[in-house]
Amino acid sequence: MVEYLYFVISLLSVLGGASLLLLLTHREGDDLYRLNHISVLFLVVALFAALMQWNLGTRGYLLEGLFGKVLYIDDFALLFDTMFITGTIMTLLINTEYFANRRYFNGEYFALILFSLFGMMLLAHSHELVTAFIALEIASLSVYALVGYHKNNLVSIEAMMKYFTLGSIGGILFLLGSVIIFAATGSTELGAIAQYTHKGSADLTPVIIGATFIMIAVMFKIGAVPFHAWVLDVYEGAPFPVTMFMASTFKIAIFAIALRLYIVDFVPMHGTWTHLLELMAALTMLGGSWLAITQKSLKRMLAGSSIVHSGYMLIAITSIGLGSNIAASAIIFYLIAYFVSSVGAFGILSFISATSRKELTYDDFKGFSERRPYMAAMMAVFMLSLAGFPSTIGFLGKFYIFTAAIESGEFFLAGLGIAMAFVSVYYYFKLIAMIYFYPNKEPQKELVFNSSTLLIILLAAVVVLGGMGSGLIPYMPSADGFIDIATAAVGALGTPLR
Amino acid sequence: MGQHLLSMIVFLPLFGALVMALGRSGLRLLRTGTLAISAVTTLLSFTLAFLFTADGSMQFVRKVPWISNYGITYYLGVDLISLVLLLVIAVLMPLLYLYMHEEKRKGFWYSMLLLQSGVSGVILSLDAILFYLFWEMMLLPVFLMIGRYGAGERSYNVMQLLLMTLLGSLTMLYAILYMGYRFYSISGHWSYAVEDLAKLRFESETDILLAAGFLLAFVIKIPLVGFHTWMAPAYGSAPTPAVVILSAVMAKLGVYGIWRFGFSLFGDTLTLYAPGIIALSLFGLLYYTLRAISQDGLREMFAFASGAHLSMITLGLLLANIYAWSGSLYFIATHAFSSAGMFLMLGLLYRRSGTFAISELGGIAQRAPKFAFFFIFFALSVAGLPGTGGFVSELLIIIGAFKSNLWIGVFAAMSMVAAVLYLFTMSRKVLFGESSEATERFDDLSPLETTILVPLVLLLLAMGIFPSLFMSIFDTQLSIMLDAFREGVA
Amino acid sequence: MLENSLLFILGFFLIAGALVTIAAKEVAYNIAGFLISMIALAGLFGLLDNSFLFLAQIMISVGAVAVLATIVIMTLNLRFENQAYEPNRVRIIIGVLLLEIPIGLVIYKALAASGLVITPAAEGYGTLKSLGKTLFEEWLVPFELVSILLLAAMIAAIAIARREKYYDKEEYFDHYKPHAIETNRTEPDSEELQ
Amino acid sequence: MNSENFFILAIILFMIGLAGVSSRRNLFVIYLGIELMLSAVNLLLATISRATQQGSGSVIALLIFALIAAEAALFLAMLVQLYRSKRTLDSGRFTHLAQEEKYRDAA
């Protein structure tokens, strides 16, 4: 009993932090820096707690006697916890300057971020559909409000409107799917559903239909192509820290539940879904590439490209359905790779836009390499990683995904993925070209070392190290380390029947 | 020492660049440091050549696991072909750094160091993924050098170069991934080492597709005719050192790729489709020669001349007999030196006159006799006149061509004659006749510039006059490789 | 028989109310339709012997949500001129409904295949006591989470709806300042409404 | 009275809600449509609960009520803010994203 409390420290720490921040919010003259530090403090505690439990091989329901089979603890969830917390810490620390230069931020911002994080962590832990839905809604409602946080700016509130409306439909579809499955199996607990679906005797049509609704909701949330209408606008309209939070952390959260469901419970629907997923992956990559190519604003370009990255991950999901052994760990590795690179890229954008009010476009980066040579180099590294250039972590991510696709016989999708990687070179290298090809008249700015820049440097180092070093450089966590982590996490999901 | 030699050659420039960049070194330090680094790598390369024994095997092999879950290894090794290319780099890079002596833009120096690492890595790596890594890595500095320091429509031209080369390399990546997977499904463990992939046998259709995937990367890099649209614009807007590397080294890497991967992995398909590629090379020979004749810009002219010669090398490679192969390998080296020299001359010409247009030049010989001498020497060695290395290599390829087919030989010989003619005409127009506005004040070569050019001249002469020095080594090594290839096909 | 006729009547009101909710032009009618629909839904809950849900429906959907919506709309003082320009909306709605029929059929198929039939209710079904037992025995965590959800939503709503002391003039782009009213009529500034 | 009737009612209610959300431009009606869809799910849950004679369905429905309230709070707050900013609830009038003009000063 008591030792289980040990496992909820990270959850409780996040929740406690959120509540405390609520209390602190309305004091007169609230100091954003201090609130920021307080939230980071709680998050660091949570991160340590999560890391301590990593790789203990724990697998089991949390307080089953009291809570029932609702929350589950395994390495899969812990890995996602770690990523969410890290992503949130990055979001908070990298954007320190950004808060300071905008007057619309106040204490509730931190509380909402922490609530949202709490929802995401629950989502990774939940082993029951209704809990997952509520966790998803906790995360989503907070993020809706965060998107519209600059509420006196029409762009921001309009983005919130679009996201809220479409996101609600997505949520309701998830709920509807859960209810249909509940009707068919008599339970919403994932283990019971898995038992039902593996029994073999029952008519699985209702389960498949319910699962389809859930998967459509997932597609809604990750912005896969017929359901992508909101992505660009919302990313553009949201304040930079929120865009960063959504693109990196929130997107991964959806994959946490989607993977758990797809690998463990929805095995019978793999056959039904394969063709649909293939089509969707192809459409997502094509549509996302088209959107990304045609943008001028970098926020919108990154939003479009994030759709493309969802498309790559959909390829891997398809491969899981076709029985690939390596696809599941490939997708988790890709999530890590995408997470690191996109947090870095958004981090630099928000670092730059902290002191200017402009919408950042390609043209704004002309001469950037001379203004800020180190930032420019790191931006180039992140772009290379997103484009999948070798010696970065992004390349290995694509390598695993495409290898998995080839292993499962998805030759066309792998080819299309590589073709889209080729297209992505265009819009990522366009930025590198802007950074490096144009002279600059302004004087060079010194690189100041503060939390933002240090974290960005750290991320760049992870991108490069994760893409190369291994046995060559001793004592360095790197490419091998990441894929081992991913494999261990997937291994924790284990066989569907426990 | 032995097993780290290759790693040092590859990574010394890269680490040097990193250290100097992070240490925010000043221009002077950067210049001295770069020269020192290149001197050391050159020394190492020659040590390597000295220790090398030509018995047809891979030497100085270094193979350690890199990404062990997927069997990707850090796998370097050197055989005769890579050694020749390595020595070419070892000779050229210090000269280029000397040529860049006046260069004030730091990024240029860093890019060159990065480029040196990249090309050395491509030459030495024997693991397909590692090869791909370096293959892409060497593109990046070229991208920066042309896009940032180039002239004319630089960003458009460099984007064209980037996208076309990446198109090829991504098809290659797909082929590599597929072969790795096939190896895994047969043997149960992952490996991307060349000799492991060479064990694979595919159904003929798959084999053709895979071979096409690899070849696309290589023919775009060479470039064979039809895949050449990036070439002239990129050569036109690149700064001189970048052009030298593009034509003297990077284009050869396409040929090297066919040698290393094409012959060892897809022997059957390559034999089957050799006539097609030979025809393409012959057509390229004709096409590039005609285009070269009609150019007014010197850069473009020599870009096309270079294209013609690379078509010739490819031709020799695919004829696959001992003469043609020796000729090709020899040509790789001689063409590198002569085209490097020629493009350096063009760079010096541009420094003085500010133009590349033949029609705006003339009368240089009276004002700058030394310059004129070097200019005409390199032009002739590009044309392949007797006494220079180019002659020997072209002769060998033509002999090889005659051995396999009379008409191919005749055609190749004809193109050689045509090259001599148009290069003569060009030199006459540029060096003699009325001096023009651009050449009013034309200084002769400075001592430093002469120092840069003399080694190339000596090398070309040596290779032209004493080919037997090299040929004996080539013969043993290449006949071993040729036998292995024929065995593989049979 | 009585039950069936009740079902028919309640169902009619449910659907009719819902249709009015989404098709009516005036906001007042929308809300009225919504109310009718929700009350009918409460009746259906009662018909299903679920007294607890009946109460909850009346209290939350009718009592809280619909009233809150009404208050908000009245506070906003939404004028006819400021409402959406929507030509042919009935035609569009019917078209969309027709398009949705496949979805509906799929859902129906799934539910029908689950083979659930209504049998006479067991003793104590739907009472507060039995529900409370289930709630605290099996659904403790989701129930607690819902409280957190409500808390988060409350914070979010406050953050969005609260009027700031400043009204930032120079944030972002100048032409994105909350601008003047787009209708021809001069509206009272919303500050008066607060 | 059998479960299918209730299912049909719930599905029709759901479809009407979805139609409202996807075809209307008045944001208030869109909001009501979302509420209708959630209510339809509640009706499904109540029916399932009745048919299985178990409390679980009803409890889930209760949790959904809380969600309905939460969404109501946030959505109405957003409506207030939207109306403040542009004096309209017409979703078609909020078209400031993805417009080229705002890049003009950045170029």
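The letters A, B, C and D name the chains in turn, as written, and every chain counts its residues from 1.
Everything below uses one rule, namely that contacts are C-beta pairs under 8 Å (C-beta built on N, C-alpha and C of every residue); 3 or more make two chains touch, one makes a residue touch a chain.
Computed from a predicted structure; not experimentally measured.
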Two chains joined by the most C-beta pairs in contact, as defined above: C-D
Closest chain to the centre of mass proxy, which here is the mean CA position: A
Approximate Å spacing (C-alpha centroids) for the pair chain A, chain C: 31
Centroid spacing, where centroids are CA-atom means, of chain B and chain D in whole angstrom: 65
Cα-centroid distance, chain C relative to chain D, in whole angstrom: 6
Computed distance of Cα centres, chain B from chain A, in Å: 44
Residue numbers of chain D (touch at least two other chains): 14, 18, 27, 44, 48, 52, 56, 60, 63, 67, 70-71, 74, 78, 81, 85-86, 91, 96, 102, 105
Chain B: positions in contact with at least two other chains: none
In chain C, residues with contacts to at least two other chains: 107, 111, 116, 138-139, 142, 146, 149, 152-153, 156-158, 160, 173, 176, 178
Touching residues on chain A, where the partner in the complex is chain D: 130, 134, 137, 141, 144-145, 148, 151-152, 154-155, 157-162, 164-165, 168-169, 172, 175-176, 179, 182-183, 186, 188, 232-233, 236-237, 296-297, 300, 358-361, 363-364
Residues on chain C engaged by chain A in the complex (per definition of touch): 106-107, 109-111, 113-114, 116, 137-142, 145-146, 148-149, 151-153, 155-160, 164, 166-168, 170-173, 176, 178
Contact set on chain D toward chain A in their complex: 14, 18, 21, 27, 30, 34, 37-38, 41, 44-45, 48, 52, 56-57, 60, 63-64, 67, 70-71, 74-75, 78, 81-82, 85-86, 91, 94-98, 100, 102-103, 105-107
Parts of chain A lying in touch with chain C, wherever the complex brings them together: 15, 22, 66-68, 70-71, 102-104, 106, 108-109, 111-112, 115-116, 118-119, 122, 128, 130-131, 134-135, 137-138, 141-142, 144-145, 148-155, 160, 176, 180, 183-184, 203, 205-206, 209-210, 357, 359
Chain C - residues contacting chain D, complex: 3-4, 7, 11, 14-15, 18-19, 21-23, 27, 30-31, 34, 37-38, 41, 44-45, 47-50, 52-53, 56-57, 60-61, 64-65, 68-69, 72-73, 75-76, 78, 82-86, 89, 92-93, 95-97, 100-101, 103-104, 107-108, 111-112, 116-119, 121-122, 125-126, 130-131, 133-135, 138-139, 142-143, 146-147, 149-150, 152-154, 156-158, 160-161, 163, 173, 175-176, 178-179, 181-183, 187, 190
